[in-house]
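A single structure is presented below for examination.
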Amino acid sequence: MRSTWIKRSHEKRGKPPGTVIHVGEVHVLKPQVTCFVYSPEELRQTQLEENLEPFLSDHVRDDNRNTWLNIEGVNDVNIVKQVGAIFGIDSLTLEDIGDTGNRPKIVEFSNYVFIVIRSLSIDGVTGRLDPEQISLILGSNFLLTFCERQSPLFDPVIQRLRLSNGRIRNSGLDYLAYSLIDVVVDNYFAVIEKAADKIEAIEQVVTQGPSRSTLESIYRLKKDLLFLRKSVWPLREIGSRMINGDIAFINEKTKPYLRDVLDHSIHAIDTIETCRDIVTGLMDLYLTAISAKMNQVMKLLTIIGTIFMPLSFLAGWYGMNFKYMPELEWKYGYPAVMLVAFVTIISMLIVFKRRKWM
Amino acid sequence: MRSTWIKRSHEKRGKPPGTVIHVGEVHVLKPQVTCFVYSPEELRQTQLEENLEPFLSDHVRDDNRNTWLNIEGVNDVNIVKQVGAIFGIDSLTLEDIGDTGNRPKIVEFSNYVFIVIRSLSIDGVTGRLDPEQISLILGSNFLLTFCERQSPLFDPVIQRLRLSNGRIRNSGLDYLAYSLIDVVVDNYFAVIEKAADKIEAIEQVVTQGPSRSTLESIYRLKKDLLFLRKSVWPLREIGSRMINGDIAFINEKTKPYLRDVLDHSIHAIDTIETCRDIVTGLMDLYLTAISAKMNQVMKLLTIIGTIFMPLSFLAGWYGMNFKYMPELEWKYGYPAVMLVAFVTIISMLIVFKRRKWM
Amino acid sequence: MRSTWIKRSHEKRGKPPGTVIHVGEVHVLKPQVTCFVYSPEELRQTQLEENLEPFLSDHVRDDNRNTWLNIEGVNDVNIVKQVGAIFGIDSLTLEDIGDTGNRPKIVEFSNYVFIVIRSLSIDGVTGRLDPEQISLILGSNFLLTFCERQSPLFDPVIQRLRLSNGRIRNSGLDYLAYSLIDVVVDNYFAVIEKAADKIEAIEQVVTQGPSRSTLESIYRLKKDLLFLRKSVWPLREIGSRMINGDIAFINEKTKPYLRDVLDHSIHAIDTIETCRDIVTGLMDLYLTAISAKMNQVMKLLTIIGTIFMPLSFLAGWYGMNFKYMPELEWKYGYPAVMLVAFVTIISMLIVFKRRKWM
Amino acid sequence: MRSTWIKRSHEKRGKPPGTVIHVGEVHVLKPQVTCFVYSPEELRQTQLEENLEPFLSDHVRDDNRNTWLNIEGVNDVNIVKQVGAIFGIDSLTLEDIGDTGNRPKIVEFSNYVFIVIRSLSIDGVTGRLDPEQISLILGSNFLLTFCERQSPLFDPVIQRLRLSNGRIRNSGLDYLAYSLIDVVVDNYFAVIEKAADKIEAIEQVVTQGPSRSTLESIYRLKKDLLFLRKSVWPLREIGSRMINGDIAFINEKTKPYLRDVLDHSIHAIDTIETCRDIVTGLMDLYLTAISAKMNQVMKLLTIIGTIFMPLSFLAGWYGMNFKYMPELEWKYGYPAVMLVAFVTIISMLIVFKRRKWM
Amino acid sequence: MRSTWIKRSHEKRGKPPGTVIHVGEVHVLKPQVTCFVYSPEELRQTQLEENLEPFLSDHVRDDNRNTWLNIEGVNDVNIVKQVGAIFGIDSLTLEDIGDTGNRPKIVEFSNYVFIVIRSLSIDGVTGRLDPEQISLILGSNFLLTFCERQSPLFDPVIQRLRLSNGRIRNSGLDYLAYSLIDVVVDNYFAVIEKAADKIEAIEQVVTQGPSRSTLESIYRLKKDLLFLRKSVWPLREIGSRMINGDIAFINEKTKPYLRDVLDHSIHAIDTIETCRDIVTGLMDLYLTAISAKMNQVMKLLTIIGTIFMPLSFLAGWYGMNFKYMPELEWKYGYPAVMLVAFVTIISMLIVFKRRKWM
């Protein structure tokens, strides 16, 4: 399977900047465009068809109502371009929306602020990390969000939006943007918890008796944590830029919430680093378990060899066919050899017991 | 057992911000609420019942007396909400109080400053780290503290509070808050000392002869130190923000004390890092001890094999049944073979002595 | 083969600063000098002969048209010196152009800004990294670029330059410089993707059964990533200096594009670091695979030895030639020994099965 | 023995801040208090008895003469408290003086600056690091120094102080403080040199043939270097705060000297880091020497096994007692087997020679 | 041999600051003092005798001519002191000149700036690093340089100084100082190239078949790189202080050259770090090569043991002397055993082939 940490962008190379091309896997057949127009008094939700202009053009200029356009699926670049044309989005921004392998970042423009974050979820079937790029464009009276697929990620926010007395309905679009980012950051903790569960499962296996597949689990876990870190780390900068960056579209009242989401990001990063350190320790534990096993194997061979090699020699000795071997003629030769063999075995066993090899 | 370094927060996901939910283990059946109202002249300690409002409402507005409300147990979110309503605490703060898996932090609000720290103690029975989140809310005339359990942690401070001529009674609530934080930081050193004791115990075991459980001890120690670091590290920032952050509720006179507690935190971090480095060294020591043991086992096998394989061959040789084997007929054949065997053994032993294998 | 990460500079030592000497491999027989003179209305492309002055001298002073001089091949220092004389380039700059082992950097002069970057491509035949130093000199009405070899690297930019309505033609030389740097940065991703492919190939090999050449692949990959990092890392500083450095020759309008290229550089660095961490994990995986193989070998030897050493002893025992060995005379002696041997084998096999060695 | 890197502080926990308690080992029976009063013209040295006040009280207010009070031994907290009362020292400072497990630091107060440093020496008998906390309190006309034991550490400074034309006598107390710190920093180099000597000794042992005690030496060296670093590192901050911190008690003229001592500290840190890196390399060298030894052991066993196992089989084969074994009856059977055995041995030896095993 | 990374300074301890003592190896019998007095028009080079004052005293005050005094050999502290007295050099500076174990640094004084750098060369005979401390004192009309030995290091600069139309003659002493530093920095690259050569030589050896001396080479290389880094790293700070530090003796025109030398230093540091990372990779390669060799040895033993132990048992079995062993009497007993032995060998070989052990 294509690894999650790098995206192909063959087609893009050599193109002029601002060329909107979809880079990444295709998750939806046809992008879904949902428009939410709301004021504290009312909320209208509309599913838009392919031609967006007629519906949207008159909302763009309406400063009394908030317009949230949620586009699920960015593989149809036409929709991206249409939306860009209607809302006056820079072509560099549109290019970044189409290229789903971006690093999380925040870019300020004169008429909007552009935020790229990475949502992570765990695929229920394969258990692998499922990254999704979420692009947010926050303007004075519009919020555009672009997801890679149709997912229930934003559902809790939409439900809260429907409550006419909820804070979201009564706050600006910056608060809505915050709510969406908060949902994504909350999701990181679900992923981290899964990683923590895996760590504990592996701990148990390693303590009881590791197999070779254990190592591969550790290795895959390590890679997942690397990817997690890579996704969460830039949020630190995004968060502090949103709080301290003096961005026109972000209200002073929303900042405590943004500070809260920043705190959560830092907490997530901290926990990821701790996980990584623990996994490193696990690796050592595993390696030592392996080498302890080897030690045991060697000990057994040594015990067997040390007991039977001298005895075999003894038996071989009296199997020699010399004509003149007086011992062979003795009456008590055989019992004497038996005694010697017996004493050898016993003394060896005592030595091994003392060295605690048995 | 559930590890100490991550807390579940399933129920919280998707909820609006400021939803107060208890996340973490339940340590007390019924939270205890103790109110201390004091001025330099008098101190009144009251155990509050479930309905807090009647008692508290008239204290809130009294600027002449200091009110310290200590809530032990945060699993009953109703109490948290009640207190929040009475003292005008932001819902984001209340949410953080209920979620006991927070990263230590400091957040300033217009009417109070909110501090989260993590107290650590060692469980007397299991020997494991017992973390507890302590939330402090410092306002102009009130100090609220939320602990996860009933513990004697704050007892020394309470006793000092009872002395009418003590500094605590005669200073503001910021000094009381400092005293509580100081007690928590002092406790870190107890935990670090336990870790240092364990390091020395493991050192001895490794030097004398490690078993496999040694490695697990090292691994667990490493994890504990990781968790310790994660808990203490943010105090650096909290401390410097309290000192340099120009917070209205912190008196200039209290700052030398805060600087002292910051120094202790940095000292703790330093010592934890040193411990971690030493534990890494211990790991190497352990691994080499294991491999030295292996070496010894292999040497024994080699010595035995090197002596008895040639001898067995010799004995086997004269055990052959060829009709025409002149040596077998010789009168001194057997003594000659005995001599050869003897010389072989002796020369081998000399070689091993020289190579210092024996 | 000469490694890619260090260049010889014997001849340069002891020379006064500003001595222009070519250091590095010679990639072209005769440097190609192409001159593009363009304004929004027209574009003229001229291939220049050895004597550059007559043609260039009158362009230098023409502020209405943009002059881009692209020199492919820097081994002929005469051309470098000529160009330097015509455009008034400092001798230190010329020295750096000739020495192709420079670290990427940006240096500002009063009449131009000098940028050194390193383009990377993968040699189609050997699969090795092929570094090339690209020097850009951006003045008010001229852009000079020096490459080490003739390559199609800049072709897409030249094609876009030919479009009379393209952004390049209608923007200043700073935008052209940006476009060239962008092409180089885009190329890094091609190299990173190749590295990612190799990582996955090695992952598969290691999981299935590594050979010794695997390790060398890992080692070579590690070196390539080191070199990549060394080449990309300085772009961080170059980018931010171009954006924030208040350089006269860079237009405010070009800065969003430069910010974009800076973002890409940071993304590249991030991905390289992730690759490096994964490769380190791969190394551990490889080493454990090796040691697991060893373990298996030892187990087999131990199983064989543990079964046959006692049996051989048994057989040897009854091969002794004592005159008085009652067992040898017994009628059922031989079947009894057969039974003993059989029981020994069976019980050993059971033990090994239980220990999961077979 | 109690390790050097952590000090017990059981009694201190729960006490109010500013409680002066001695923490650490007791090095002297009775603290020695020596008072030096000097001006460029004269120097008076007085050994003080238990009751310090009568003597000191009139010196405190004399701004024309410099008073240096050197207290050797801090286990008698009464003396510490007395001195504190006379010179107006904050209780937090007194607490830090008594607790000898402090991290080196600098704290400024309105009437003095408080500096804690750690002197290191090597115990002549055990060869272990002997840390000692040195506390300096520098006021406008007094300098207080608190050592843990009676040592000749400050003797060279005292001798220089006796020279009426020396710089110390003619400079302020800040220069005296500098001289004392300088002596401590100079001592670090003696310790570092000892560590370097040990490194070289271990290098020799490892190269010639390491024993298991070698590893413990490396481990102990590592711990010493860790402790060294922990002691020296904070001097960086102390030094730059003394130079740039605008402290009233430090004369501009003394600053070049402080810069010199800061340079020495940085040099010491640098060298310690280098030592640590070298010790890490030593560890690898050691581990490989061990594994090379193992390799040799295994090779010998393999050579012996590979030669004698086939030969033993051969001998065993013709030791079989079949009635119809034609070879046994042949006249040249025995010489033929001898030839086979001889050829086997020779060819094996050739193989081993080729593989460079012998 | 005394290692290069630490110098003894026994005699210095306890001495007052500013005591000039020579610390380090003695490289010259009698220091050579050469004086260059130059203006754009003329250059006079004079070899000075022991008593420097008569000659120098009248140059000190001549602001029209530049005086460069180059002292080769600092073991005769009298000369250092004389020069110090003539040019008004601080005793702390003189102390640093005599102590050749200094860390590279820059210190500003009112009448001069003092720079310590470390020149590195490779001893032609032993191949070891040969460090040399170079001290530069740059005043308004004089430049003093102190080297540890007589070396051709500065020869190219002296030759350029002789050219009346060269830049050095026509620029100030700051440019001369830059030229000398530049020569030293250029030399680092020679040392780095030697290290790169060694890396490649070791790479080849490791790939083909490492011996134990290989490890020692790696270890020594690592130590050399550590020392290199320690020497070059401080140049970063020295360079930026010279450029940005607003030093009176450094002309604005010289700064581009200093920036160039700073760039080279950063490049050197970068390359050293890359070398260090590669050497770490080499170590892993080496260790795996060793363990692969071990694996091969073990495999051979296992193959031999696995084939011959069962066969030996078989032979031994029919060597038993039981009276009633029917097989022995059978006519085809012997051929049957031969068949069994043959089948055993063949099937074993097939197994080994399949497991790719042969």
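Observations
We call the chains A, B, C, D and E, going by the order they appear; numbering starts again at 1 in every chain.
Everything that follows uses one rule, which is that a residue touches a chain if its C-beta (ideal position, glycine included) is under 8 Å from a C-beta of that chain, and two chains touch if they have at least 3 such contacts.
In this text the structure is predicted, and so the values were computed from the model without any measurement.
Chain E has its Cα centroid 42 Å from the Cα centroid of chain B. Averaged C-alpha coordinates give centres for chain A and chain B that are 26 Å from one another.
The residues of chain B that reach two or more other chains are 291, 294, 298, 301, 305, 309, 312, 316, 319-321, 325, listed in rising order. Taken as a contact graph, the chains are arranged in a single closed ring, with each chain touching exactly two others. All the chains close into one ring, and from chain A toward chain B their sequence is A, B, D, E, C. Residues 155-156, 160, 166-168, 179, 182-183, 186-187, 189-190, 192-193, 196, 200, 207, 256-257, 259-260, 263, 266-267, 270-271, 274, 277-278, 281-282, 284-285, 288-289, 291-292, 294-295, 298-299, 301-302, 305-306, 309-310, 312-313, 316-317, 319-325, 356-357 of chain D are the ones touching chain E in the complex. Residues 3, 5-6, 8-9, 12-17, 90, 92, 102-103, 105, 107, 109, 209, 212, 215-216, 219, 222-223, 226-227, 230, 283, 286-287, 290-291, 293-294, 297-298, 300-301, 304-305, 308-309, 311-312, 315-316, 318-321, 325, 327-331, 333-334, 337 of chain A are the ones that touch chain C when the two sit in their complex.
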